[in-house]
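Two complexes, one shared chain (chain A), two partners (chain B, chain C).
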Partner chain A sequence: MTYMEFFGCAFTAFGPAFAMFYWTIMHDPIRIIILIASSFFWLCSLLFSSSLWFIFPNKDWVFFGVLTSIFFQEIFRYLVYKILRKSEQGLRQVTETNSAITTSTHLLSYVSGLGFGIISGAFSLVNILAEIKGPGTMGLHGGNEYFCLFSALFTMCFVFLHTFWSIIFFNGFDTHNRMLVLYVIISHVFVSCITLLNRDELYGTTVSFIFIITIISGVLSYRIAGGTKKSFTVLFQFQRKSSVNIQ
Partner chain B sequence: MSLYIAYSRLYYFDIVILAELVQSSRVPVNFQSRNISHRRSNSQQISHDQVATEENQQWEDEFELKYGAEHVIKLFVPVSLCMLVVVVTISNITFYTTKDIYLEFLRAYNVPMDMFTILFFIWNFGVTGMICIHWKGPIRMQQAYLIFIAALMALIFIKYLPEWTTWVVLFCISIWDLVAVLTPRGPLRILVETAQERNEAIFPSLIYSAVIYKSIVVMTTNDESEQVESSSSPSTEREVLVIGASDSEHGESSQQSDNGIQSENQQENNPQFQTATSTTSTQQMSNESKRNAQIITNERPRGTIPTNLTEDKGVKLGLGDFIFYSVLVGKASSDGDWNTTLACFVAILIGLCLTLLLLASFKKALPALPISIAFGLVFYFVTRGIVKPFADMLASDQIFI
Partner chain C sequence: MKLLLFIICQIVSATSTLNVHDKMYTQLNAVTPCIVRLNGSQSFGCTSERNGNVGVIHIVYNDSDWKWVLDSERTDSYVIVLFLKNFTLNNLQKLNNSEQINGVLLIQEESNNCCKEFSFSPEDVCPNRYSGLAAPNINKEVCTDHEPWNPLTDFSYISMHKWRIPIFFSNDKDTIMQIEDCFRKFNLPLSTQLDRALCALKMSAHMFGSVDSTTCIRRSSARYNINPVRYCDPLGDENVYVPIIPFDKFKNLNRDYVIVAARLDSTSLFYGLASGSLSTATSLVALLLTANLLFNLTQNNNRRHFKKNVLFILFNGEAYDYIGSSRVVYDIENGQFPFKEKPINMDDISLFVELSQLRNDTFTTYHTYHSADKNVTRFINIFNKFSKMRNFSVNLNSIESERLPPSSFQNFIAKANISGFIFSSYSRVFKNKYYHSLFDNNANVNYKYLNETDIANDTLQAFIANFATVFAYSLFNEITEQDADVNVSEIISYRMADELLHCYIDTTDCKFFADTGFDVMSLLTSKLDYYVGVTLVRNRITTLTKLALMYLTGKYISASNRDDCASKSNMAYWLSGTSKCLESAVNVSDAVSPAFIIPEYDLSEGKYSSWTESSWLQTDIRMFLKPSSKYEWLVFIIGMFVISTSFVTLFWLKHNARELFNYPHLITASSL
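The block that comes next holds the complex of A and B.
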């Protein structure tokens, strides 16, 4: 029983991430390295924000911790952007001449965003997963029995969100469009603050808001990456060629 | 169980080597160009020689840059596998986290099995490992055994070293690593240099080598794809390709390369002969002016030298590195906090990445422990002390950032 819950939650949370990794990242060594490097940057951002939280006297102000961590995450996202754009010339040398990583401008942002997403998702869920493996289960001492399920759902959304955010954010800096950057920061703050309601188990509100934001960000990043309504319908016609839009 | 005890004395060995492959590939290439130039007139000789070596240099640089990423992944996978074995074992079998009980692996998984079957399997497992590592066997098998040995060694360390001893040992060993590889009289440096001087590989059970066949295929198909397509069969592909490349540099006909392949195949059947010719060819390098030696180089060792070249291609990582990386991650996972394990894992991989980056620029044997272990240690302590409370608070309140 516990294993059922474990696998259900694990696949809910990391299934999409794994699929993206398998189809778009795994075959190219450079992408794997960028993925790991960007997850390392996310780790650094978490390190900074939690050290601030560590010395912060009033531990009841969770709000403050959330804000600082968002601040540091976006700072490090910007750092990753800077580093990747600087090393693009070098990347062109390293990869083969007609590799997708040099021809497509959004590939780097997609890969680094996925790195951010995977590591943040892992950090928020992996301990819960280790707990629900057994021998106990959720909801015994008056706790909510859907705790794990919703955690997994949120994690899945955040993996997506980080990917989309990176695409939008990088494009915002590329095209000097401040609105896009602002959108990323504001939606990040909004989504994270919405999850503060989870303590009161208002899962309905949080889930619906987060899903809406995820879908909006997804559509936005899809358009930024050059997708149109037509290409979206083509995507479902089982032609291999058309599914490489975000790649 | 008794397999890895034999390797315990080797644990500290750790080098990453690209330098070795650079040197060993440079020698035969220069060697060939010299012989060709002897055949030509003196005026052409020097210029051709220079051009050839410059081309080689450039080609090598490009080659390293292009396949650097692949090298990195070729090491990421085994290192991750080794860590995975250690972490899974630690979280599933209590033998390695508690002291003074005997390992009852089968009881831990509740598998009934009689003594003879066990003896049969252990004997076969051990003997196969010995054969694969020290004599010959599929390269995958050898790699698997090396990873397994490193994981077992790491588990033993985790079991018997007290916690703070582990951290101090990790710290000291990475400093020692710096000394041993980089100082002029460091033991590992002497070992690598001796191996390069003698032009032979380092003892196979000391080192994990990630061989890349694909890179060689790609590099020569760029140069001349027609020849390759016309002449190669899949089994002898990599030798053929290298031969083809050396031919194209000196403008010889493709017929001769076919001869080269045939002689190559003969030599594959006759390993003794192969070693004999390769030793004669190294002697030739010292005295280039001998005529009869030249004849041999034009026919025989053409096959043998590139074969050596392909065998040395790829990055190498000492087994000690595997062991200590795994010790760090395993010890981190024995706390029961998966965030710490993850952080250490990512930090070590990034450290390895940086080491390989340095390797590409310095082109000599480098210690692989210091950067990775430093990152790993920093992230271990910081995550355990500072990040864990924050992350736990966020996870239990279901706040996502």
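The block that comes next holds the complex of A and C.
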């Protein structure tokens, strides 16, 4: 019976990531390679930040742990950017001439961002998933009954956020727009720090804050990727028209 | 602004908290499981499923709670928490037959008057029903259901069943409070349980052994099992014995022996809680004190006067079809007891006296098999004479019957016509209300440690001291066959009896064991457990008793160090505590049933004890909240909604990517 809770949380957290993988990554080996490579880079950042945390004298200062972790994540995001840009030439040679991966720069950032998101989501939720498969649920020693559901929602948001951040971040360096890079770092710090409030079970507050940041980042990356308000509305009109045509 | 400041403060001051697992589960440590034991024909006790049994807590306080357990239609599985008054065989059987009951927890706080109103003995009404004189090859009727030794109560036979569900016990105040709090907070009121997460327990006590000893030992053998897993191990330990004259110095032609026996073990339904105060401890202490006084009396006499020797034996594993005594009888028959070089024969035993459940009651009964012969009569006369001399008002009551109480003596009388009797506080039926149960404690024998204060004449201490004194003088008279030394100067003091009883009834972390001078500090923990256990492990109580007997029947010889001590005598022991050298004839013999040493013996034969104890990996109870099915469905539906929406959305996005992101026309939708 408790497996229902497990699957509910797992689908909530990784459902969007899986759908993105299924529709946009899976059919192209190059994208899979880039996805895995960027996950590896996130793991490296985890290694560094946890090593630092290990020697950190005061384990009560979680806030500083969060800051170092963000610092390393962004450093490695930059490294991914550097390497991808360096290997662009090589990528072009091994792919078909028409492939979007070489013609659209944002696709590279999207794929690597998704890699970041999936692996960080996996690491933040896997412990909780492992626990909720057992007979028990949260709530014996305080703790919210919906803890696991909220954790899944946070994870889902973080998968989205990492994807959007990568698109914005890469574009910031491409166009030498420091404001975009700064936005990524600041929103990352903000969102991560907001999650520290979960200790006080202010899930409603934190979830709404994170949703807002996710939507802002989403819109920003949509704009960067070439979307406009017009194209968005046009699409709906187009759809309406086509449905009329069919009739 | 204030809110923002508050939030920032909260974030910066955030400290690491408990991990998820610790927030979800509470380990209940002070719980004791009922385990599985097997004999030649079946298995007994309790086991859980391999991964433990989960059930929502339901505490039965009164009759309506009990009714709710059995009547109402529920969907969940339950763990029933019972107090002693509801822990009856009948109730357990009902729970065991109900599919929805997944476990039972007995809680009873330790207090002296908790259980006075009950007679809690989960043992068979005929202990060791199929052994001793009742063994299939001898087949004498010593106990029947109509005329049982252990009186029939609502709790009888609980140990004699195989339960489908795990049964645990806790007497720990904090554990009981935790369970009750959790139950009240989450599970009450009972009518709205469907809507909430409920407080539940997971009981893990999976027992590997099943079917019977034969099957389980066969499964453990290497031929059928590549893993070195043992499913069960034979029960057994060591018998402790001491001759009052060392075997090699006893050169009398007749070589007659008087055997004084008591048992060294007890048992209980729950593992590790065998507190056999009346079943074991009082008789054991009486034997130790008698041995001590008799040893002191014989020191001043020329050994040539001794016509007989006295052999004090403490049999181990007697609760499980007389493991210890049946092995000693087997060894005697094979000429191997105490050793091959100087064996004792059955004919050498001129008198056998067993001490069983002694207590300061109005009567002390001596049971003989059929009628008392002249050896017994003579000994009883001497005993009466000395008790008058000591002003020890013991009323000896005689029972001469074919119906011999459960005793080690049965194994001896079954082989040879040995004169002997059993000293006991009961006559027709046990007076022990808690035979082989965890409540057989100090309250059961009205014992209170008086720690060097004045001890009254009507206490247990006084009774045991007087009994040992009179018994020792009677034995002295028996072996010397002379009426000398009638002035009864040397006696066992009440204080000494008090100290020993304290060790054997209250705690092994006591003055007497520490004073013996052996290096026993590692053995001195307060836990007192008379359960015989498996042969692979030496019992603490056996080791301590061996050392105590050495101390009580040994004499110091001069030696400067450990090596010097060892060279003086092969019976010398160096006491590192007091730096002295002690010479004592105390020895041990294996208390392993002959069933496990005779090659190709068929364990189902029933001639010898074939008890084994199942092995297990872990036994514990975890408490946690079990989510309501409503909540589980909610989470599951949200998950399904999220994943299906994302698939549809992403498909739509991909399909319209060109329009959405204003891609150049050379990129087709399929390449995205």
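Note that the second predicted complex is superposed on the first by the 229 of 247 C-alpha atoms of A that agree within 3 Å, B and C clash if a C-alpha of one lies under 4 Å from a C-alpha of the other, contacts with A are read in each partner's own complex, and residues count from 1 in each chain.
In the analysis below, contacts are C-beta pairs under 8 Å (C-beta built on N, C-alpha and C of every residue); 3 or more make two chains touch, one makes a residue touch a chain.
A quick note: this is a predicted structure, and the numbers were derived from the prediction, not measured.
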Touching partner for A:Trp23 - first (chain B), second (chain C), both, neither: second
Partner chain(s) touched by A:Leu196 [first = chain B, second = chain C, both, neither]: both
Which of chain B and chain C A:Ser51 touches, first, second, both or neither: first
First, second, both or neither for A:Phe7, with chain B first and chain C second: second
Chain B versus chain C as contact partner of A:Ile128, first or second or both or neither: both
Residues of chain A touched, compared between chain B and chain C (which is higher): C
Partner chain in contact with A:Met156 - chain B first, chain C second, else both or neither: second
Contacts of A:Val62 with chain B and chain C, given as first, second, both or neither: both
Doubly contacted chain A residues - partners chain C and chain B: 62, 127-128, 196, 199
Chain B residues touching chain A - in the complex, by the definition given at the top: 62, 65-66, 68-70, 72-73, 76, 336-339, 342-343, 346-347, 349-350, 353, 379, 382-383, 386-387, 389-395, 397-401
Of chain C, residues touching chain A in the complex: 7, 10-26, 54, 182, 197, 199-200, 202, 622-627, 629, 631-640, 642-647, 649-651, 653-654, 656, 659-664, 666-668, 671-672
Partner chain B, residues of chain A touching it in the complex: 29-30, 32-33, 36-37, 39-40, 43, 46-47, 49-51, 53-54, 62, 65-66, 69-70, 73, 93-96, 119-120, 122-130, 147, 150-151, 154-155, 158, 191-192, 195-196, 198-199
Complex contacts: residues of chain A adjacent to chain C: 1-2, 4-5, 7-12, 15-16, 18-20, 22-24, 59-63, 98-100, 103-104, 106-107, 127-128, 131, 134-143, 145, 148-149, 152, 156, 193-194, 196-197, 199-200, 222, 225-228, 231-232, 234-235, 238
